[in-house]
Amino acid sequence: MKKKLNKILKELKSLKSELYEKDFLLTWQKSKADLKQTLLVAEALKLLRDNNISPKVFDSGLAISQFRDNSTRTRFSFASATNLLGLEIQDLDEGKSQIAHGETVRETSNMISFLSDVIGIRDDMFLGAGHEYMKEVGAALDFGYENGVLPSRPTIVNLQCDVDHPTQSMADLMHLKETFGSLENLKGKKIAMTWAYSPSYGKPLSVPQGIIGLMTRFGMEVELAYPEGYELIPEVIELAKANAEKSGGSFKISNSMESAFTDADIIYPKSWAPYSVMEKRTELLRNKDHKGLEKLEKECLAQNANHKNWECDEEKLKLTKKGKALYMHCLPADISGVSCKEGEVSENIFEQYKVETYIEAGYKPYIIASMILNSKFKNVAKTLKSIAKSKKQRVKT
Amino acid sequence: MKKKLNKILKELKSLKSELYEKDFLLTWQKSKADLKQTLLVAEALKLLRDNNISPKVFDSGLAISQFRDNSTRTRFSFASATNLLGLEIQDLDEGKSQIAHGETVRETSNMISFLSDVIGIRDDMFLGAGHEYMKEVGAALDFGYENGVLPSRPTIVNLQCDVDHPTQSMADLMHLKETFGSLENLKGKKIAMTWAYSPSYGKPLSVPQGIIGLMTRFGMEVELAYPEGYELIPEVIELAKANAEKSGGSFKISNSMESAFTDADIIYPKSWAPYSVMEKRTELLRNKDHKGLEKLEKECLAQNANHKNWECDEEKLKLTKKGKALYMHCLPADISGVSCKEGEVSENIFEQYKVETYIEAGYKPYIIASMILNSKFKNVAKTLKSIAKSKKQRVKT
Amino acid sequence: MKKKLNKILKELKSLKSELYEKDFLLTWQKSKADLKQTLLVAEALKLLRDNNISPKVFDSGLAISQFRDNSTRTRFSFASATNLLGLEIQDLDEGKSQIAHGETVRETSNMISFLSDVIGIRDDMFLGAGHEYMKEVGAALDFGYENGVLPSRPTIVNLQCDVDHPTQSMADLMHLKETFGSLENLKGKKIAMTWAYSPSYGKPLSVPQGIIGLMTRFGMEVELAYPEGYELIPEVIELAKANAEKSGGSFKISNSMESAFTDADIIYPKSWAPYSVMEKRTELLRNKDHKGLEKLEKECLAQNANHKNWECDEEKLKLTKKGKALYMHCLPADISGVSCKEGEVSENIFEQYKVETYIEAGYKPYIIASMILNSKFKNVAKTLKSIAKSKKQRVKT
């Protein structure tokens, strides 16, 4: 362990990051050094805990968990991460339908933050709302901190918004780094981020957007594929293009799963709703137009049903690099014949990669803990070193 | 910090308080020494935490949070306070409508308390019920402790009942002490506790009752003002009169916001429901008479609407001492043109005092933590001294 | 304390138990050494905490609480136990009606367990389902641990299933051991586990099954009594018979409360639903057949009403050994004239034994903590010794 940790600490010291006292909202607001540091600190935290050393840096403090959509895995990841660092979870439950703005957000954000260190927010249901909401909370906290209301500025961690899902995409990146050996090794690797058929509708765009927004920064060949009509937010597409150019990789859009899979090293087949549908849905949700929502759902499911052939199956897998591309998914996947009649992935493919997808998910608690640690400690290498030196056991033996 | 803390400790040692092993239900059950100590310990706890020293006196233990009405700020204040001291929050959620009595209260109170140290209760919906319920829980815990069922007697903290709201009024008092420099300086200051218009109904009486019951003890000139028909519980009025006489202050009731504001040092304009309406409402709630409740709400809102001029606005503020009285509110306020069309306070007044009201709210977690500490430690000055001496960091640096 | 603890440690060292790295699902899957150790460790933990020594062996880690049925006392017992050991509760709330199987259980079980140490499950509504579900979760965790997904294997604690209620029956056994002085003293003592009338229906079978499955192992004379038609699961009956034979006790079934009470040292009168009704109910619940459920409830309540004389009253108590048998109940009891018109026990009998039933319930947190400690620490005597030696105060004095 010591050797591995020292390697991480050495690399950390070489980075000039700007994570201290910052929220983590979108990966593209972060420098490459920031992203590298986030991965390294996550690795260090996992290493420490796996070796029964407790990185509990807080003796008390609250971590607020605000989910405006259902969640099990991200909720538990956030709880695990904050518990690991010594914070106690407190849920802020304001009802799913309520979209508060202005004074209410400003006031509530301060009222819950007097002794809080972190606020994790999931707000992915309304297009154009989630990211804006987090910025609004951030401004409210700035106001409170600058005016002497709050003794410190709680860090906001985006647990999924309408634009990005950074704890997911960073966990995915950590998985790729572990699988391929290093970030450098990702250069030139082809990743296929593709739409896939699902008998449900209204799934957020943040996962595919998060993936193309992040992976294009590491020199990868990113191909985004979806049936016509399933576009993502235009700004993120522009961003992915610019990223790819800058990093020496490429970014391509096609309307063919087969094209995307061909020679791919990594495949990420996952359903999402068309941008235009999400826009309509947001408006209908805001107006509480239940009839309109039912109608939209029907239309959308009918539209989906035209693309049942967008399933990740054995035949398509054969198109990938040596027929052995790494299959990724944020889970839960719609597995044909298991969780639904026809879905995103065939049963035998999922079965083959199941353990890998579980391992992929297992990085998320450490990514979140890393985001918190980086925002709270200026010299995080020193912090980690002092944790390791303390040898405080997580389980007393 | 050291100097400030020593001053607090010195003052603490001079007090003969009786808070040890007692619940905190009503401020008027407490001596002046008790109240002073509650403030001092809250100040010490804030000072310690602001200087990154952790006053975690419990290594484990549960703090039970029982809210029979919705709450965000008091819920988080209680969670923050108990977390600061080392207790873990566990919610007791028994449904809002259920009013349990007798055996059920006795049994449940014991069943949840085997390893619990504190029970925080909000029960403010039913007139004549909340305070009685807390006493019933207290008696049940006494029974359990005396009969060897419980290893220790959990402390009950009133987080708002039908009669008093001591964590609010004590936080308000702490705010006044900070603002005016000392409790002594409050002597002769005029505070206007006034009704204000709100387009809602059924707001509890505990805030105005808490304020007049507490501030009359410190030699203040307390003027309570409300439109005819918005009386408070008669017993609390009698109490406020007696307090004022004893403390050398005064207590006056008027039916004019202008009268109350004139020359006031502090103004506290806040809506509440008439006593008689709350009595009717309690009966209707008990009988689950939904039609009756709707009718009562309509009548009450119509009655309210006759008093829209009871708004704290710039013109009325000019009547106060130098036109600069301190505006207070327990939050959330009904702000005209912001949270409602016409409300308790005009937008520009609220905006002007917003930071102050946030700071006022920020004392509540420390007041609650102080109430707990005082009930659990006989020599609280010694406890605080030993915390300070330990220099245990809240955030490890 | 030292002497008492040393006695426990000495006895612990003499036992060859196999609790390490095992779930606690059914008492009859455990050896007698296992059961004895569970009691001893619970006693030690209680002793330590009563003497203000904190047995906090975890510096961080989650304890997952999954209740598929309402619960207050077991929920708080689990929260208390895990908090005592240093774990933070996180609720897994998946809705009451949802019965997930297969991939969903496998995946969810892993997703919530990356940094979790214990999972407490209550699943008692569906006959043939609860125990099976826990085994399924166990297999999922094995899969995750063996495949490198989970850093450690969380322990499952059965907080009540369709077959057994081991935290209840073990707490009951601890109460009997305390009351009668030792497990040895239970030999030859008669315990009457009897059905009792209640104006409700659908109560699980796990308490009577747990009692007859456990008490028959300690040489007790166990008499199970119920009106015709209120049979328990046949397999558990067979098991109780075999246990009694092996332990030198006896197991008898009768259809008379009077027969069971005659010369009994201990009586445990408690309502339950007939096995056949539970089978039908399970099917109706699965099919969400609300009309069928209402019909079944009516029939069942009518059937119950034929047996109102199955009440534990003064007259029947006179039949017991010296008229002074120990009355036991898992609480809450249906008390005639208190919680219902006619119920399981008369008011004066319950009043007479109330404190005992409270004390009985108070052992549960320690039994649960013991189950966790035993599964996590191979040499639990050493662990306890080192806790005692550390003298870490639970409340800092």
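We call the chains A, B and C, going by the order they appear; numbering starts again at 1 in every chain.
By definition in this document, a residue touches a chain if its C-beta (ideal position, glycine included) is under 8 Å from a C-beta of that chain, and two chains touch if they have at least 3 such contacts.
Here the structure is a predicted model, which means the values were calculated and not measured.
Student: Turning subunit B onto subunit C with a C-alpha fit: angle in degrees, nearest 5?
Tutor: Resulting rotation angle: about 120 degrees.
Student: How would the subunit A/subunit C interface be labelled, same or different, where same requires over half of its residue numbers to be shared?
Tutor: Because under half of the interface numbers appear in both copies, subunit C and subunit A meet with different residues.
Student: How many angstrom lie between the CA centroids of subunit A and subunit C, rounded to a whole number?
Tutor: Distance between chain centres: 41 Å.
Student: What are the residues of subunit C that contact at least two other chains?
Tutor: Residues 88 of subunit C each touch two or more of the other chains.
Student: Residues of subunit B touching subunit A in their complex?
Tutor: Spelled out, the residues of subunit B in touch with subunit A are 49-50, 54, 56, 72-73, 76-77, 79-81, 83-84, 86, 88-89, 331-332, 335, 338-339, 355, 358-359, 361-362, 365, 392-396.
Student: With touch defined as at the start, can you tell me which subunit B residues reach subunit C in the complex?
Tutor: Interface residues on subunit B, with respect to subunit C: 57-62, 88, 90, 92, 94, 102-104, 107-108, 110-112, 114-117, 144, 147-151, 376-377, 383, 386.
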